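Sending over a structure as structure tokens; questions will come in a sec.
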Amino acid sequence: MTRKIGVIGMGSVGSTVAHYIVSGGFADDLVLIDVNEKKVKADALDFEDAMANLPTHTNIAVNDYSELADADIVISAVGKLQLQRDNPSNDRFIEYPFTQKAAAAVAGKIKDSGFNGILIVITNPVDAITSIYQAVTGLPKNHVIGTGTLLDSSRMKRAVAKKLHIDPRSVSGYNLVEHGNSQFTAWSTVRVLGKPITELADKEGIDLDKIDEDARMGGFVVFRGKGYTNYAIASAAVRLADVVLNDARTELPVSNYREELGAYLSYPAIVGRDGIVQQLQLDLTDEELDKLQNCATIINEKFEESKAKDFAVE
Amino acid sequence: MTRKIGVIGMGSVGSTVAHYIVSGGFADDLVLIDVNEKKVKADALDFEDAMANLPTHTNIAVNDYSELADADIVISAVGKLQLQRDNPSNDRFIEYPFTQKAAAAVAGKIKDSGFNGILIVITNPVDAITSIYQAVTGLPKNHVIGTGTLLDSSRMKRAVAKKLHIDPRSVSGYNLVEHGNSQFTAWSTVRVLGKPITELADKEGIDLDKIDEDARMGGFVVFRGKGYTNYAIASAAVRLADVVLNDARTELPVSNYREELGAYLSYPAIVGRDGIVQQLQLDLTDEELDKLQNCATIINEKFEESKAKDFAVE
Amino acid sequence: MTRKIGVIGMGSVGSTVAHYIVSGGFADDLVLIDVNEKKVKADALDFEDAMANLPTHTNIAVNDYSELADADIVISAVGKLQLQRDNPSNDRFIEYPFTQKAAAAVAGKIKDSGFNGILIVITNPVDAITSIYQAVTGLPKNHVIGTGTLLDSSRMKRAVAKKLHIDPRSVSGYNLVEHGNSQFTAWSTVRVLGKPITELADKEGIDLDKIDEDARMGGFVVFRGKGYTNYAIASAAVRLADVVLNDARTELPVSNYREELGAYLSYPAIVGRDGIVQQLQLDLTDEELDKLQNCATIINEKFEESKAKDFAVE
Amino acid sequence: MTRKIGVIGMGSVGSTVAHYIVSGGFADDLVLIDVNEKKVKADALDFEDAMANLPTHTNIAVNDYSELADADIVISAVGKLQLQRDNPSNDRFIEYPFTQKAAAAVAGKIKDSGFNGILIVITNPVDAITSIYQAVTGLPKNHVIGTGTLLDSSRMKRAVAKKLHIDPRSVSGYNLVEHGNSQFTAWSTVRVLGKPITELADKEGIDLDKIDEDARMGGFVVFRGKGYTNYAIASAAVRLADVVLNDARTELPVSNYREELGAYLSYPAIVGRDGIVQQLQLDLTDEELDKLQNCATIINEKFEESKAKDFAVE
């Protein structure tokens, strides 16, 4: 009788996710949670003041973890962007010392609420943090999903589309593995104008390395320009949530647990009401497979490190 | 063949307006303008990075006034919130020394672009600034509209609806005159549950003064909680724009020029593709009429003052 | 985790309801039921063939009552329009001999499925049929709702709006009691341009009787023109369903059980997830109250008659 | 300032197209035209009666060709389904003797109106009829587009998706050439689960011929089940129209004029505000190229035949 979504962390990302949910009518009940009570109450009131002018209605609850017990989806947008702002390295692991603890704490509260829906993680570094959320909540691995390279793939599509002057939705293919610096565009998977892009690139002199750089660094361009990124990640997260609610069984490159690599990392999967319902097996090139393995190792090390030191997992 | 909207001023309000336009598919072409080029380019890129995950497509141009020549609607969200943040007085005229000059300058550029669509003004103090925009652009008075108390009316509806535990869209009635401190809820116009609210209030002991205060101060509660207000005003502005594009001829309490009062102020009007297409004549109480006249005088003085000193109108 | 809607009766109304649900994304799971298996399967396949070109996904099940067990809403669009087509009397009771039996049979199957959500009835004569559905299913009275004069009110709004050249959504007020020939526009409730319409009508010579006739006969004009009516009723029914799913607590003139009149009839109520959550008490004129009472009597007699003869209620 | 769409032919397809436009808010102004004036007026009134319950407003004009002068898009849904119903052959050319004349007549009136937007043709046999519309109106070839195999491709995607239990939007690839019996799925273009479907089919024993048959015959299954098909074609046509209005530059398999084949036939193209803005060059197999050439020849012969006999082209 309801689509109930919780959003935890009402910074620039979480509040934009909530705005898109409210203005687009993606939920019937929305639970907003933040440690800054003044901020989250201000956002909630602002949304409620919007509703007389919206075609759809959303009921909003604030800072009540017990409301998550019957939520369908919880989205974690916890973060501390100041750590990124203070740092010139363009490395999402800068936030890790903070977010690993914050995520473990939040995950504990989610678990205590009795939540047993699908948990969507935006918090960076997303793959390691998704692991933490899964470990602490004890939810099935296929019920905990990171937005991962769904965002980077859309940046790659934007870059390719702009170069060819076409709709980004008419570009297919994926950025893989880490929503972070070891990520890469798997060019062998990218198709456009009815052809593999590698073929087009050869013929028409398109510089794929430049597009790859553009996709990987796009987030930092936005970040340096305004001190945060929010619109693209909100679209990615809400699309993922909607696919789950619809049980659409859509193929999306999101961070999911790959047994054979022993890690959460971004790889296309079929997503539905039961979370990750099928995992794809791409025919990658040897070079792409090497990158994949290296990246999985890095993510795993980070996760193991944090597991040892910063949060308790039975 | 197109719905083309320009948004000028990409602060917290303007960028949220733009986000709602992009995510809701309210325009085909969008022109974003801001003096902070890094910020507006970051927002534009962020929107483009969202598009692979959106059901609708929007073409975006940045910082090019000439693009406004064939725009259908321009929305002014120019402002300097720091002035509000530095000031404890809850008075929107705090921004006036800055915004009157900024608006006159922007209006000049809009005029030079050849724009001849509908101009929607959010910039505060909205009634005086709407006058300035009209005077400088020379657009017909019914083609320049301030969002005015459309926002305050939705805050009043939220407050009434919460008290009665009903949908804010099931409350009718208006806040009038100034989107500022002299505004008031015209309780004689408010109806709910099939009755005038004044009748219900008497019977069931509902404190209308408290609700009025809540509506008038709601924006400042949000403002003090997060340093800006954006979601409710974005819904109001985009709804107004959409009503114009649809030629829906919807009744909305917005800031429009009332000949008999010689001022822009908020009063319900029928809004369509030709802007303000009809003005209502409410049966207000004497007390309400007094408030209306006083408020018109205040707005007019402010406008005349700025006209004399701060911008050139032939 | 889901919005699940069942539609029973896939004639011109039911299939249009289903189309609006699918194309507008109002449900995640949709159950379509009709005695004409070829027809309902053809519609289901047609919807599935649409989905690659839609922004939203809907899962469809066909002719399986057991799927209703966990549905949130069931919409009854059962009917036999041929009875109307063969008859020049413009009387919705023409269908009653057929629909009372059909409704009782369908209601029995709904009950057997274990359904315990909100039941929305479109089938005509809607007030009497809503009574039958409630009696046979044994669902709480506030969980069985007829679309009633929500449709007639929108026809009245269209007629008023056209006369005044404004948006029908800017007309407030209700048609009451029976979605049938004894219905009437309660002009004392209709407001437009900030005034009671009775006041405007006097001043500007608007003929309310003509508009009333237009609203009451509008459906038959459409019916005679194409042999059925479907678009307006589909909008009304889906809006009602969405208000329930959103728990929006919206005021709507729908057929609900009025204890003091002992009958289902259309009268504005607040509608939310728990069905009818509050009933309005209008200040009607004496003439309107007389009409209300007469109509309630007629509806009740019809229902009692059918109860005695055509279906078994313990 | 407007998105204005004309729909000509208000049978089961045209009226469903119009309903999707109205309920989805895809146009601001809508012009409905049909030789059966009672029917088109009934539909228009039915839409207007819906509007009080819709979130969006659409202005409707009826049977006035002069309204097309400034329309952005005209959609031809002219047809005579009775010819199909009377005929067991599953051949869309059954309608040709009627539709070629009707299309030529309508095209003449469109031309006389001064229309110079994008013309979208649904009328069957769609490729030959699109040729006629282009020839008679004299519009640029890239401004006249048939829905073609956009529909058949979505049927193919549905069939593939159902087999694999995934979202049809996660299947890419095309049905080509004729929206008719000589069409075929170009399996070399179909990809799913990150692989060419031909590879998956081999491994997992998926019978592509069966899916191809299912896609090609899907329309007739629906047709035999209810006497018409409307929902899937409406989604395809409105999506195409929206892509044009948005200037989205989306890749779609639609009927467009291929110079090298001298015919209108379905082949993927990039579609935007200027109609067909780029044509793809697929790497088809030799077998697929043969089918393509044969089909082009058939379409051309039909068109030339009708050109000689049934309508005057200078």
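A, B, C and D label the chains in the order they appear, each numbered from 1.
One rule holds in what follows: a residue touches a chain if its C-beta (ideal position, glycine included) is under 8 Å from a C-beta of that chain, and two chains touch if they have at least 3 such contacts.
Protein names from UniProt, one per chain: A, B, C, D = L-2-hydroxyisocaproate dehydrogenase.
Here the structure is a predicted model, which means the values were calculated and not measured.
**Student:** Under the document's definition of touching, what chains do subunit A and subunit B have as common neighbours?
**Tutor:** Chains in contact with subunit A as well as subunit B: C, D.
**Student:** Over half of interface residue numbers shared between subunit A and subunit D means same, under half means different, so which is it?
**Tutor:** Over half of the interface numbering overlaps between copies: same.
**Student:** In whole angstrom, what separates the CA-based centres of subunit C and subunit D?
**Tutor:** That pair's centroid distance is 34 Å.
**Student:** From the mean C-alpha coordinate of subunit B to that of subunit D, what's the distance rounded to whole Å?
**Tutor:** 42
**Student:** What parts of subunit D, by residue number, touch at least two of the other chains?
**Tutor:** 56-57, 167, 169, 243, 248, 250
**Student:** In the complex formed with subunit B, which residues of subunit D make contact?
**Tutor:** Per the stated touch rule, the residues are 1-3, 25, 28-29, 56-59, 72, 117, 242-243, 245-248, 250, 273.
**Student:** Residues of subunit C touching subunit B in their complex?
**Tutor:** Against subunit B, subunit C makes touches at 55-56, 165-167, 169-170, 172, 189, 191, 193-195, 243, 248-251, 268, 270, 278, 280-283.
**Student:** What residues of subunit D sit close enough to touch subunit C in their complex?
**Tutor:** Within the complex, subunit D touches subunit C at residues 16, 19-20, 22-24, 38-39, 41-43, 45-54, 57, 150-151, 153-155, 157-158, 161-162, 167-169, 171, 218-219, 221-226, 229-232, 234-236, 239.
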